[in-house]
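One structure coming up, written as C-alpha cells, with questions to follow.
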Amino acid sequence: MVAQAAREIRDGERVFVGMRLPLMAFVVAKRTHAPNAVGFFELGVVRDEPASELLYTMGDNPNIAGAIWCARTVDLMGLLQRGEVHAGFIGGAEIDVHGNLNTTAIGPDRARPAVQLPGSGGGADIASLAHRLIVIMPHDKRRLRASVDFVTSPGYGRGGDWRKRVGLPGGGPSVLITTLGVFRFADGSAVLESFHPGTSVERIRAETGWALRVASTVRETERPSEEVLAIIRQYDPQGFWTRRGE
Amino acid sequence: MVAQAAREIRDGERVFVGMRLPLMAFVVAKRTHAPNAVGFFELGVVRDEPASELLYTMGDNPNIAGAIWCARTVDLMGLLQRGEVHAGFIGGAEIDVHGNLNTTAIGPDRARPAVQLPGSGGGADIASLAHRLIVIMPHDKRRLRASVDFVTSPGYGRGGDWRKRVGLPGGGPSVLITTLGVFRFADGSAVLESFHPGTSVERIRAETGWALRVASTVRETERPSEEVLAIIRQYDPQGFWTRRGE
Amino acid sequence: MPGKVISTREAVGRLVRDGASVALGCALEPAIPFAFAHEVIRQRKRDLELIGPISDIAFDQLIGAGCVARVSAAWVGNVSAGLAHAYRRAMEQGIPRRIEVRDHSNFTIAQALLAGALGAPYLPTRTLLGSDIARANGTFREAQDPFSGETVLLVPAIVPDVTVIAVQRADEDGNAHLWGPWGVSQEAALAAKSVIVLADQIVERAVIASDPNRTIVPGTKVAAVVHQPGACHPSPLQGRYRRDHEFFHEYHRATRSIEGFAAWLAEWVTGVADRDAYLHKLGPRWEALRDSGKPAAEARF
Amino acid sequence: MPGKVISTREAVGRLVRDGASVALGCALEPAIPFAFAHEVIRQRKRDLELIGPISDIAFDQLIGAGCVARVSAAWVGNVSAGLAHAYRRAMEQGIPRRIEVRDHSNFTIAQALLAGALGAPYLPTRTLLGSDIARANGTFREAQDPFSGETVLLVPAIVPDVTVIAVQRADEDGNAHLWGPWGVSQEAALAAKSVIVLADQIVERAVIASDPNRTIVPGTKVAAVVHQPGACHPSPLQGRYRRDHEFFHEYHRATRSIEGFAAWLAEWVTGVADRDAYLHKLGPRWEALRDSGKPAAEARF
C-alpha cells in the first residue's frame, strides 16, 4: 500500500500528507521519483524534507524542527481552498462505490451511533478541496459498502456531476488503495485497476460490498522495488505503522 | 491639544493611537494618569510602554523594538471589530457638526477631486468600530464645515440614531479637540465645552462653519501642567510635531 | 494592575464556571494543556462545551469524567493509538452521560474561531458542501455568494468563554510566546472572552519584548497566567519536551472498560494533588522526555 | 527545480506584465520594496493596478511615472511629510494620466486580501457602514447577516497577480523570514498568483528551517527571489536599517511641481542603473542608517 501510495505523488506537487501510511508514502516518494514534492500538515506545518525520524503524530517535535513553515491551520487550509494543493491522503472506516468516506459514526442515527468514530479532522476539507484525493483503507466487506451511514468526506456523491451540483470545486478521489488492490474512479465510480500480488479479482469481489467493476486492463499491482522496501524498513524499523503487512 | 487629548485616555484602556499628536498624547497619558493604557498601532503593533524616542511613523524601528506584540493588521482590527478597543484618535481635513470626517477628497466628484487627500488609512475603521473616537484638528472655518464633501470616517451621520440605522455598532466621536477649543457630542451634534486660553467663544463662532452650540457650562480649557509640558518637550525637543503650538 | 499570576487551581476555580464553553488543544497534537483539563476534572466542573480541532485524549478524559455536555470539534480520539473509549461510551451508551456533538472539520472550526477573532458574524467557505457534517452540525447555513451566484457554506463565529493555551514562556501580564505549531491557537485566544495561559516559564517583560513576533496573544487579552512546567505531558512542547507516545497507548489499553477508565482517572488525575505531583509520579520517565532542541537563527530588532 | 534567484530587473521583466495587479508596501510604513518600484518605473511598465494599505511614497512615484491605471488602497500620501503631489496631480488634473481609485480602509484591504488568501469569495464586516467609502469603492455589497438579520458589508476577495515583499532573509527557494511589522503582507503573499521576494540576505535553507515560525511565505508560493540589500530605503527594515526621514521630506519638497517630480525621478530612479548604484549614490548617508538592533531572546526547536 505504501509503495502504491508513493507512486500517486508526482514531483513538485503540494500534498496534504496526514499521518501513518501516507506519511511513509511521502517519505518514499521524496526519496525516489518526487524529490521536489512539498508536504502540508494540517496543524500548520510545511516540509520540503521528511522528518529525520519516525513520527507518531504530525505534531511530534521532529516534524517541526527543520520545517520550512510553521503557520496557522487556516493558512494551509486557505491554500487548499484556493486550489493550490494537488493531492491529499485520507483513510476512513467506510467507503462506498462513489468514493464517499465515513469517519464520523456507524449507524443510522448520528446522535446515538452504533460506533462512534473520531470524526473528520482535516479529511473532509481535503476531500472537498484538493485536486485529487488518494484514499488508503484496509479491504473488508464491512468497510467497502454499497452506501455509507454518514458522508464525512465527500467523494462523487451519487456519481455523475454531483460535485458540481452541490458546489464543490473539481477534484474527488482519484484512487482507492486497499490491502488487496487498487481502484480508479471513472464517471464517479470505483473500477478495479489491479490486485496485489497474492490476491485475485475473485477474492476482491468477495470482499467488496458493492457490485465490482473491473477494468479491461486489470493486472497485478506492481511490486515495490527493493529500494522502496529498504526506505520503508529504514524509516519504520519496528514496523509500528507497517507491521500489519501494509 | 496634546494635553487635552491625553486627558481623554483612561487608565487601563486599549487605544488605537495613530501618529503625530495622538502619539504624544499617548506618551503623556502613560506617564501621568494612565500608566496601564495599551497602545494599538494599525500596522499590527501593540505597546504597553511608549517608544524610547520620537517617532515619525508607527513603523519606525524604535516603535517595534520593545513592543509586546507584533501581529497582523487584521488581528488588531479584529479586536477593534469585536468591541475590545476603547478609544481611537483620528484627524481629518474636514469635519461636520455631526462629527463626520473627510480625509478622502475635497469637491463634489470623487473621481475628479478639487483636492485629493490621502484617504482613510485605518481612520474609518476606528471611527466605525471603537467605543469612543477622539478627533484632533486645526480649527479653521474651511475645515469645520456645515457638511463635508465625502464621509470617510462616519461620526453620527445626520444625527439621532443614524449609527444604529446604518448598522454601525455603538461609539462615535466623543470629543473634538481643535487648536481653539474642545467640543463634546450631544445627541450626535458638537457642543462647545471649552475654549483654549487666549481665545473666546466668539472667536470660535467666527471660525466655525456650522451654527455653534455652546454648553451652558462653557469655560476655559484647563492649562497643561508643568509636568505635562516637560514630558512633551522631552519627547519632541525639536518641536517636530508640536512646533505649530499644538 | 491586579496580579494575574495564579495557580491552575485558582484559574479553573475563578474562570471556568459550570456550563462554560472552553477551547483547548488548539495547536492540535502538541501543546495540549492537560494540566488544565485534569484540574477541571478534579474540581468536578459540569456541563462544559469543549471546543477544539483535534484534542488528542484531553477531550476523552473530560468526557469520561462527566464534565462535558457538548463537543464542537473536528476529531475526538487518540491520535497514535486509535479510538477514544470514553467518547465512544458517552455517544453509544450515554455513559456517564449523553453529550451533544457539533461536528466540524479542521477548516470549519478554524474558520469559526477566526470569525470570532475578527468579530465577523461568519465566514463563507466551499469546504463541506455535500458532506453530512454540514447538515449534522446544525449551525451552518448554505447561501449564495452574491458576487458569483455560487453556493457557499456560512460558518458562524465561535466565541469561547475561555480559551486555554500552553506556551513556552510568558511574562506576568500574560504576553505569551509560543513557537512550534500554532494550529488554531491564536484565533481561539483572540476569539475568547477570557484567556488562560499556562507557561512553562515565567520571564521578564523584556524577554517577550525582545521578539514581539513570537507573541501569540497579548497580555491585554489574558485573564490568568499560570506558571506550570510540564503542563502538556503526554503531548509535546517544542524545544522543551517530547511526546510520551507510550502514555497514549497505556491510556488506550487502560480505558477500554468503565472500570479501567475510573482506575486510570484515580491514578493520574483525582489521585494526584496537582501537576507537580503528577510530574513527580512520572519520575525518571518525565526527565527522559526533555528535549531542548536546537537554537533558532538570530534575529535582531 | 529551476533557479528562482534572479535580479530585480529580471523579476520585473518576467513577472510584471503591463496591466498586472501588484500588491506592495503591505507592511505599511516599513519594509516597502522601493527597489522593485523603481525598476518598474525604469522598465516603463504601464496600466498597473496597485494594491496596498499605506504605501508611503512608493505609490506616488509609480503614479507620477505613469505606470498606474488603478489604485486599490486605504491611503496614498507621504506619511511623515504630508500629501502626495503626484497622486494629487493625477487625480485632480489627470497628469500624467487619469487613474481610477478604489477607496479602502486598512481593515477592508486587509479583509479583501485575507479572503484572497483563504480562497473565500468575500468577508462580511461591520466597518464602513455609513461611510462613503463603501459606496465609492464600487466593489462592496451590503447584505443581511442571515444569522442575526443585521446589516453587514461584504468585502470581495482581492487576488493580486503579483505580491512583492521585502524581507530580512530568504533561502534560494524563497522561504522567507520577515520580522517586525507584517501588516497585511502575509495575506497579500498567500492571496497572490505569484510572489516576488526581495531579500536583504540570502541564507542556507537550514537558517530558515531553524525557525519556521518566522517564515512569512513558503518557497512553494514564490516565483522569484532577489538578493537586494537596502531594497527598502528610504523606508526601514527592522534590525537592518532605519527610516531615512529626511529623504521623505526632500521628496515632498522636490516633487511639488511636474518639473520637480521629473527631475527627482531622473536623479534617483531613471538616472541610476539599479539598486546598488542607488545605494552607492546615497553614500555615507546610507551607511549612517544601518541599525542592527538587539537580539531576540533564544528560542529552541
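Residue numbering begins at 1 within each chain, and the chains themselves are lettered A, B, C and D in the order written.
Note that a residue touches a chain if its C-beta (ideal position, glycine included) is under 8 Å from a C-beta of that chain, and two chains touch if they have at least 3 such contacts.
Please read all numbers here as calculations on a predicted model, not as lab measurements.
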Neighbouring chains common to subunit B and subunit D, by label: C
Winner on C-beta contact pairs when A-C is weighed against B-C: A-C
Interchain centroid distance [CA atoms averaged], subunit A/subunit C, Å: 27
Subunit B and subunit C, separation of their C-alpha mean positions in angstrom: 40
Separation of mean Cα positions, subunit B and subunit A [Å, integer]: 56
Intercentroid distance (Cα basis), subunit D paired with subunit C, Å: 37
In subunit C, residues with contacts to at least two other chains: 111, 118-120, 125-126, 150, 152, 179-180, 182, 186, 208, 213, 238-239, 293-294, 301
Junction residues of subunit A - those touching two or more other chains: 45, 61, 64-65, 70-71, 74, 77, 80-81, 129
Inter-chain touch pairs (all): A-C, A-D, B-C, B-D, C-D
Of subunit A, residues touching subunit D in the complex: 12, 14, 36, 38, 45-46, 48, 61, 64-71, 74-75, 77-84, 129
Contacting residues of subunit A [partner subunit C, same complex]: 19, 42-45, 56-61, 64-65, 70-74, 77, 80-81, 104-105, 110-125, 127-129, 150-154, 157, 162-163, 166-169
Sites on subunit D touched by subunit C in the complex: 111, 118-126, 141, 143, 145-148, 150, 152, 154, 156, 168, 177, 179-180, 182, 203, 207-208, 210-211, 213-214, 238-239, 292-301
Touching residues (chain side subunit C, partner subunit B) in the complex: 1, 117-120, 173, 175, 186, 190, 205, 208-209, 212-213, 215, 217-221, 301
Touch list for subunit C against partner subunit A, complex: 27-31, 53-54, 56, 73-77, 79-80, 83-84, 87-88, 91-92, 100-101, 103-108, 110-111, 114, 125-133, 136, 150-152, 179-184, 186-187, 235-236, 238-239, 242-243, 245, 291, 293-294
